[in-house]
Structure formats: C-alpha cells, structure tokens
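Paired with subunit B in one complex and with subunit C in the other, subunit A is shared by the two complexes that follow.
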Partner chain A sequence: MAEAASGLEAIQVSKRFGATQALGGVSLSIQAGEFMALLGPSGCGKTTLLRCIAGLIDPDGGDIRLGGRALKGVQPWHRDIGVVFQNYALFPHMNVAENVAFGLKMRRMKPAEIKAKVERALALVRMESFAARFPSQLSGGQQQRVALARAIAIEPVLLLLDEPMAALDAKLRGAMQLEVRELQSRLGITTVLVTHDQDEAMTMSDRIAIMSEGRIEQVAAPAELYLKPANRFVADFIGRSNQIVGNIVAAADGSLALQPDADAALRLPVPSTAPRQGRVLLMVRPEAIEILPGAVGVPAGMVGVQAIAADRIMTGDRISLYCQLGGLSLYGTLPSQAEKLAALPEKGAPVTLAWRESDAMVFAA
Partner chain B sequence: MNRWLKAYIALAAVFLLLPMALVVVVSLSSAQFVIFPPPGFSLKWFARVLQDTSFMRPLWNSIQLGLLSTIMAAMLAVPAAIVLVRRRPPGAEAIQTFLLSPLALPSLVLAIALLFFLSSIGLGNTYIGLLIGHVVIVLPYLLRTVLAVYSASDPRIEEAAYTLGANPWRAFWRVTLPAIRPGLFAGGMFAFLISFDEVAVALMLSNASNMTLPVSILGYLVNNYDPAVAAISVIKMAIVVVVLIAVEKFYGLGSLTLPQRGGTASHG
Partner chain C sequence: MMPNRFRLSTLAFLAPAVIGLLVFFIGPLLLNVEVSLREQGGGHGLAQYLRALGDAYYVKVWLQTIVLAACVTFFTLLFGYPFAFAIARSRGPVKGFLIFLIVTPLLINVVVRTFGWMVVLGRSGLINGTLRAFDLPTINMLGGWFAIGITLVHVMLPFMVLSIASALEGIDQALEQAALTLGAKPAAAFRYIIWPLSLDGVITGTLLVFSLSIGSFVTVMLMGNNRTMVLPVMVYQQLNLSSDWPFAAALGMVLLVTVLVISGIQLAIGRRLRRGQA
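Right, the complex of A and B next:
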C-alpha cells in the first residue's frame, strides 16, 4: 500500500527529562523497507526515540530525516507516520470501520475512496467482518489488528510499533509477530518496533538496535547480535551465558588463562583474542558447551575443563546441567531428547565440559 | 435475601416515598386547604398554578438557571479534566480536591460565603451572581463524572489522532469530546437537577425578578397553606423524574456514583 517506502535517519538525537538523559545523542540509519527493532531494558530510551520520530515529543538536539526530509518543526499530524500504540488507543466511541477511516477523513478524502481504503486495510488484517463492532466488543488480538489497519490505512511512509504485543498472551503474541512481519514485508513499509522482548525483536526484525541508558550499544542482524555481541552489555542482554569474572594470568609456558574470582586456584582457558593482562569477563553460551560424561579429556580443537555434575533442570525444550568446578558453577544445555537425557552424568559424577575457542567471548571487566 | 433485610428496605422505601405520595394526593384535592384525607378530587389546583405567573415565572427561571449553570460548569469541567488527567501538573491532586470541595461544604455556609463575596465585588443581587453561585454548586457533579470517564479512557487516544493527521483542535472535537460525552451528559443532567432543586444559594442571591422555583414555593408557604403548593411541587417532581429516567436510560445511575474503571463498556 505504501507508495514509496522511505529510509529513516536519526542523527545525534538527544532528549533530557529533568535530571534524566533519556537520549544521549543517538544516531541510527534505517533503510527503506527495513524492519528495525529498538530493543533494551525499560528506561533505555527506546520509547523516547520512537516518540521523537512520531513527533509526539521534540528532541533537544539532533536531526531526524525521513526519506531525506528533515522532520524538525513538522507537526505529528503532518508527518504521515503510522503508529500502533501499546494499548492500541482505539477510539472507544467509533466502530472498527470508523476507527480505520479516521486518518482518511482527516485527509479529506472522498467518501467512496475512504470506503474502499477502509475495506482494503481491514482485509489485510482479516477483520472485514468486524467493521461494525466497537473496540469494547473485540478481543485483544482483534483490537491489535484494528490498530494496525488504522495505522496502515493512511499509507504511511513509516510505521512505528510501540510494544504492540505486550498486552497479548504468549501464544497469540507468537502468531501476531509472524503475521505482522509477513504483512510488513508484503507492503514493503519501513518499520520501527519498540520492544523489551528479545524473542519478539529477533523474530520480527531485519536488524536490531540494542539500547541502554540513552545510547545505542550495537546495531546488527539478530544472528550477529547473538553470536558476535559488540560489548559486554549486548552479550549479557541477549540470550543467556555462563559469566566468569577474573584476572588474566600467564602460565609457566607463557600461555594465558583466566583466574576466576570465585576460586583463585582454578585456571580457565581464554581465547587468543583476550587481553594479555587485567580483569576480564569470560562468557560462554550454555548451548556452546559440550557435556561429556567422565573425565575423558577435552576433544581436539576444543578447550575445556573437568568438573563434577550437579543439578539438572528441565525447561521444556531443553535441559540444563549445572556442574561444579571448585568454587565455580558452569552450566551447559542440551535439547530435550530422551537418549540425551539418559546419557547425562548422574549428580556427583565426573564430567568434561568442552567448547570451541571461538565460542568464548572475553570483555574487559 | 434475608426476611428482615427485605422488611427494612420496604420500611426505608415507605419512609422516603410516603411524604411524596401524600403531596401527590393533596395536589389532587378539591379542598381549599391542605387537609388529609381530601374530601374530594379535582385538577383545579393544577389549573390554578399553571396560570399563576408567581409560580410559572420562577419555574422558567429555574429551568433557565439550571441549563445555563450546567453549560457553564461543563465549559469549566472539560478543560479542567483534560489538564488534570493528561497533563498532571504539579498539585493536580490539590486542584482536583479544591474543585470538588463545594460537595463537602454545607450549602448554607457556601451560600453565605458567596453572598458576602459577590456583594463585595458588586454582584450581590444580580443574575450573574446567582449564576456564579450555581456554577460553583454544580461544578463538582460534572467534574466528577467527566474525570471518571476520561481517566478510564486510553491516555494515548489524542496522540493516536495526531499521528493519523488530526491537529489538536480536530483531535479535541473528534476524539476527546466524544470519548468523555457519556460522563458529560450524565454529570450534566445531574448538575441540572442539583441546580433545579437548590434552595440556600438561591435564597441568598436571587431577587424578585430572577427568583427560582424552590424559593418561590418557600415564600408562598409562609403566607398560604393550600393545595397549590402541592400541585407545583408535583410538577417539579415530574420534571426531576423525567430527567432521572433519561439519565438511567442512557447511562445508568450507577455511573454517577461509581467510578467507571475500564469504562468503554457503555458503548456499543
């Protein structure tokens, strides 16, 4: 529906609320037709950035350009940006069709044209048969569809989604994520999603901008964020990992190892990319750890440690095995399959934990 | 329901309704004085009050004053609610309590205070003064219902309207006002009834030309004791009942006393 998708450029956007620096000079470039997520913990500035783009708040400094046009001084009602709000913000006194028609009426289109566009927008979200219902008569998922139809009916140059799935239950949320993503790529509309849910961001987006304390930590595709986090914050925020803080020490043969704070007698292997000295944080994703029963030694091409099996925890699609290594605890995960479960070492049995050097991440601590 | 509770409720209903029933019976009396039971029935007292300008003028004054004070109070309550709910300025709680405070004051105290104040600024015995008095009295009723309906609506509806191309003026007329209309109407009808029934302030502030119906009934009672006063009271009651039925039919009387949480349910 969107005639020509537009790229979005944020340049050094800053915003301060009282003593809080909500945005500290954020720069972000989104390509035409791209689906970009702003992901971060609450208070990281993602919603502030979205509201600056929509024109609902004015940034203190910086520029936002949409399709090459500077948005500074352009009122929200002149921006042609569709927004789906967190609780949908449907107009309670209008039925579904009137809600969707609102933006078109504001553009003073002819009634026949409005009718056709409303029907098309409702068909896109499969809500044609609900045109005469009022928002209070719809389920959460249906309200969300209407909010989406209302936002895309105006054929916006940019679509903003502000935590649109937060109010839905888990099953429905998963289905809506795929549906919205499918609709977005079909329409080719540039989209910015604000969310604190990393699964949602990963499921829906081409790229994700990780935000923290008013700054962007990393902008990358989901796989890259997970496998090659740019810094400690991103590595910690995305996914789960074993995290060991300690000092780099040199062994007798000159090779480097990590001496963990939790147990100074231990030496853990570190990748060759690690700094040659100082305090570091070693991170290994649990699914990168191979669990070998018995003190069998580390397979060739891998690094690892000997440990003692402790508790196992079943969390649906995977099993986590916690292992004790002196004062240190490490865990690895396996897919939940019967034969894998049967092969797991018993509590108290020796176990070898091995991982590829390239799967270990080291950050200055 | 418990038998005793039923009896208690029946007793309370009789206690509340019996005097009004007596007034209705007396208004239909053929006697020259208020006597009970009436010796016979006739509509002559209704005919008499409907032709009596000393009742009809105040009745019209009361309706006019009720409508005017309700409209003016609405024009204050709507912007007040928008600021209190959306902007939440510092001291919003205190401002809200202040605007609702006439509810907590005995109306006679309020009436005397208004008399002193309005007299001191030269509005003592004027229609404007009377109108101001009634706006103060009815404002809390309107503000309360508008606040309840508006706080229950999604805080982002205006922003949604902006992003869809509505400037603040159109967003107000097309989105905000319709969203609070149930509260505005219900509160407005109640405000009208409060003004229509109000005695203390009207007694202090009205004069011979703008006297309200309750004041004229009171004045009539000082010198007369005939069924005319019952007949005009029945007419007044009928107006009140009609308005109350309208409120109940459109919005439910519960909405006047209970805050409407999640309150879009009344549409649809």
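Right, the complex of A and C next:
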C-alpha cells in the first residue's frame, strides 16, 4: 500500500527554545522500512526531533533528509509524512470516514478513489464498520486505530508515532503495540516512534535511539541496548540494576577490586575491562545474580560475594531478594516459581551471590 | 423526608430568580402586550399593528433597523474574528493587553465614547484635520449611517471577539497540525478545521451583537440625523413626543418579535453550517 519506503537521515539537527537547548546537534540514520524508537525521559528532545521531521518545528541548524531529499524549506503539507499524534487529534466534527478521507481530499483525488482508499485503510485497522461514527463515540483504542488509518491512508513515505499508546490502559496498550508493529512490517513503511516507555520501545522497534538532554546516547537493537549499554546513562535508564560507586584499589596479589563508598572495608570483584584506577560505577543486573543459599563459595567461572539475606519482594512474575553485605545492599531476582521460592534463604541466613564477570558493567563515575 | 426537603430547598433557592423574572420581565412584557392592543375608543384589537405594518414609512424604518443591525454584525464579525484569533494564539502579557484593548469600549460611558468618535470623525476632527493639512478635500462623516455603524461596531467588538476567542481557545492545536501533516495548506486547515470548530463562538457572538445593536438607541440618537430612523428611536418618539403609548408598545413588540425570529434563523443557519462542514 505504501510507496517505496524511504530512509531518513538527520544530520547535526539542533534546536533551541529560549535558554533550553532542546536538540544539540543530533545525527541519526534510519533505514528504509526500519522501525526506530526515540526513547528517553521527558524533556530529552525526542518530541522536538519528531516535530522537526514532520516540519511542525524548524530546526535552527542541521539537515534532515528523507529518501535522499533535503526537507529544509519543505512545508509540512508537502512532506508526505503520516503522523499519529499523542491524543490522536481526530477532527471531532468529522466522522471516521471523513477523518480518514481528509488527507486524500487535500490531494484532490477523485471521490471514487478516495472512497476505495478510505475503505482499504479502515480495513487495515479493522474499523470498516465504524466509518459513520464520530470520534466522540469511539473508545481510546478505536480512536487510535482511526488515527493510524488516517495517517497511512495518504500512503506516506514515513510514519511518525508520537507517544501513541500513552492514553491506553496497560492490557490494550500491549495488544496495540503488537498490532501496530505487525501492520508496519506488512506495509514496510519506515517508522519513527517517540516514547518514554522502554517496554513499548523494545516491543515495537528494530532499533532504539536513547536520547538525553538533546543528545543521542546510543542507537542499538533492544537486546544490545540492554546487554551492552554504551554508557552509564543508557545502563541506568534501561532496565534495573545494582549500582555501586567506589574506587578501584589493588589487592595484595596485584588484582584489582572495587572499594565501595558505602563500606570501605569491602572489596568487590571487577571485570578485567575496568580502568586501572579512579572512581567507577559497577552495575550488575539483578537477574544476572545467582542466589546460592549458604556460604557455599562462588562457583567456578563466576565472581561473587558472601552476604546475608534480608527482605524478599514479590512483584508478580519475579521475586527479588535483597541481601546485606556490610553497609552495602545488593539484590537478585528469580522467576516466580514455587520450588525456587521454597529454596530461597530465610531472612538473616548466609547467602552467596555470584555473577559472570561479563555480566558486570563498569563505567567511570 | 429527604427528597421532599430537598425539593423545597431547591424551590427556595430558585424563588428569588423566578419572582424577579415574573415581576420585572414577564409582567411588564404582558402589560406591554395589553397596551399595544388598546384601540381608540376603549376596545382591544390589532389596529396598532396594522398601522405599523401597513404604512410604507414604518416598514422602511423596520427594514432600516434590521439592515443596520445586520451590517453592524457583519463588520463586527469581519474585524472581530482576526482579533479573536490573535488573542487565542497569544500568550502571557501580550494576551492580557489584547483583552484589555478589546474590552475598553465597555469601560467607557456610551455618551463619552460617542463624543470620542465625534472628535475623530468631525469636520475639524482627526481625519479631516489630517486631510486638510495635506490640502485634500474633507469628508463629512458625522450625522449618518457611517458614523452610527462605526460607533456601534466599536462597542460591539468585545462581545464578538470574546465569544470567538473562547471557542478558538478550545480547539486543540494538534488538530491544525494534524491537518497540515495530512497535506492541508494553512488556508485549507482554517477552512476545514478551525472555522467549523469555531462556529459555536461565531453563532454566540453574532446573536449577541445582532440583538444588542438592533436595540441600540443612544448611539443612533447622537450620531444619526433625521433620516437615520430606527425602531428604538421611533418608540422613544412615540412615547415622549406623541405620547402615543399603544403605538409605541406595538412598535416595541414588533422589534422583540423581529429579534426573536432572526435569532432563530441565525441559530438554524449555524447548526446547518456546522453539520454541512462536517
């Protein structure tokens, strides 16, 4: 249905609002047919970048190229970019069919052609039977489908989704994420999703660009982002982790260890990739930590520490066990299975926490 | 017990408004109807109405009144819509200043405001003084429909502007942006999105301005001449100069019915427009 999908290239795009540098020279390359998420905390510049691409904001500097064509000076109504807005922005005085037909009408297509295209777009989002309804008569999920149909009816070369699921409840959000993803790959349309929800970004995207304070921190596939974060911000932003700040010190045998600020008497193992000295942040994901009851010693091929079991917290699909070692608290997680739960050490019991050296991440602090 | 007491207290709260309306609005209106039906020699009938609608002069005055109000409404809309748009799109102190600017005519006494326009439009006023300074011929703008119109448009603007501005402010800016990304040029986005969604404000504004300006009296008295006769002035003359109360009452009723009928037509057109644009 879509025209030949186009790649998008942002080159050193910058934008300033008064004293705030919303975008500080952002460069990003998105391949034709790719689904890219712009993920970051609010105020990181992701929405500004999306609006620059749509032409709703003029960047102060830099260049945006779509399918090799420079977009500078191209008005939004000439860009052929479909946008799904945060609150859908459906025209309240038009029914579903008229909403979807709007972009086609603006392109001065023949009524018969418009009718056929509207029907096809509504069929794609399974909303054919709602053509005569008005937006106020639709549920949130239905409104979103109509917004999506309206955006793809014009057969855009690029689809922009601005926090499209934010207003949906959790169950529906999950279903819509898969549905939109499926539709996108079927149409092969290059898509940029703006979201602050990392689950959503990971579920839907081929690659994710993590943004912070108007810059891109890392662009990578979801798994790489989670397992090999490029820097401290990404490691902290994506997923959960144990974070220990301290100094690198040399042990008696010449090997390196971390002396945590929280308890200077402790020594924690650091991976061989750690800097030789200075202050560092050690991060270990809780699911990478193996919890062994008793002071059994660290298994071969792993590193670890002895600790005392403290609180356990059940959060549905997993159990977290918090452990105390000196002034330091570490936690590991397990899948919620009755047999694993039964084997967990009681509060106050000794416990061994072990992880693979490669699962520990070290960043300069 | 509770529902009863509730109903009683509701009635008690409504009573002042209801009594006020009965005594000061409905009552006098009914009295007025009665007066307008009085005939010479005692009986009651439609003689006054037949007189008002059967005489070419009175019909002309009636039409003039409607045309004046319609023109004032039209020009108030023409000048008011862009102003309302500016208010809706501005922020902070600029917005405050624009609103202040538009409501100033309401803060000034009608006579003072009218004299202000006399100063601007008069034979040696601002405009003619400037023309004279450049040795251009002067224009007599006082004492006529033009002077009445400009003064009325000035005082009616706030009603139109504030009605439309509040409607425009209720329109999510994302709707316009969505239209633009769908291929609508700004003019098309206005025509298909902003204009139909602001129609509620336009209808409110035109209804207010029309019914206020069809009843305007002081401005027409001060800025008009003996040819710019409208119904309210005529009612005044019948009361004060001819002391013909029944005829004055009948003319008043004609004015009231005219406003009601035209407002109804306006509302119907507005509804039709809103649906047609959809």
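Criterion: the second predicted complex is superposed on the first by the 365 of 365 C-alpha atoms of A that agree within 3 Å, B and C clash if a C-alpha of one lies under 4 Å from a C-alpha of the other, contacts with A are read in each partner's own complex, and residues count from 1 in each chain.
Everything below uses one rule, namely that a residue touches a chain if its C-beta (ideal position, glycine included) is under 8 Å from a C-beta of that chain, and two chains touch if they have at least 3 such contacts.
Since the structure is predicted, the reported quantities are computational estimates derived from the model, not experimental observations.
Undergrad: When the two structures are laid over each other on subunit A, do subunit B and subunit C clash or fit?
TA: After superposition on subunit A, subunit B vs subunit C: clash.
Undergrad: A:154 contacts which: subunit B (first), subunit C (second), both, neither?
TA: A:154 sits against subunit B and subunit C alike.
Undergrad: When the two structures are overlaid on chain A, which partner does A:171 contact: first (subunit B), second (subunit C), both, or neither?
TA: neither
Undergrad: Looking at A:110, would you say it contacts subunit B, subunit C, both, or neither? Reply first, second, both or neither.
TA: Neither partner.
Undergrad: When the two structures are overlaid on chain A, which partner does A:54 contact: first (subunit B), second (subunit C), both, or neither?
TA: In the superposition, A:54 touches subunit B and subunit C alike.
Undergrad: In the superposed arrangement, which partner chain does A:137 touch: subunit B (first), subunit C (second), both, or neither?
TA: first
Undergrad: Figure out whether A:76 sits in contact with subunit B (first) or subunit C (second), or with both, or with neither.
TA: Touch partners of A:76: subunit B and subunit C.
Undergrad: Based on the superposed arrangement, let me know which partner A:276 touches: subunit B (first), subunit C (second), both, or neither?
TA: neither
Undergrad: For A:91, select first, second, both or neither according to whether it touches subunit B, subunit C, the two together, or no partner.
TA: A:91 sits against subunit B and subunit C alike.
Undergrad: Kindly list the residues of subunit A that each of subunit B and subunit C touches, one partner per complex.
TA: 54-56, 75-83, 85-87, 89, 91-94, 102-103, 106-107, 150-151, 154
Undergrad: Which positions of subunit C touch subunit A when the two form their complex?
TA: Per the stated touch rule, the residues are 172, 174-175, 177-185, 188, 192-193, 196-197, 274, 277-278.
Undergrad: Looking at the complex, which residues from subunit B come into contact with subunit A?
TA: 153-154, 156-157, 159-167, 170, 174-175, 178-179, 181, 264-265, 267-268
Undergrad: Can you tell me which positions in subunit A touch subunit C when the two form their complex?
TA: It is residues 54-56, 75-83, 85-87, 89, 91-95, 98, 102-103, 106-107, 150-151, 154 of subunit A that touch subunit C.
Undergrad: Enumerate the contact residues on subunit A facing subunit B in the complex.
TA: Where subunit A meets subunit B, its residues are 54-56, 75-83, 85-94, 102-103, 106-107, 133-137, 150-151, 154.
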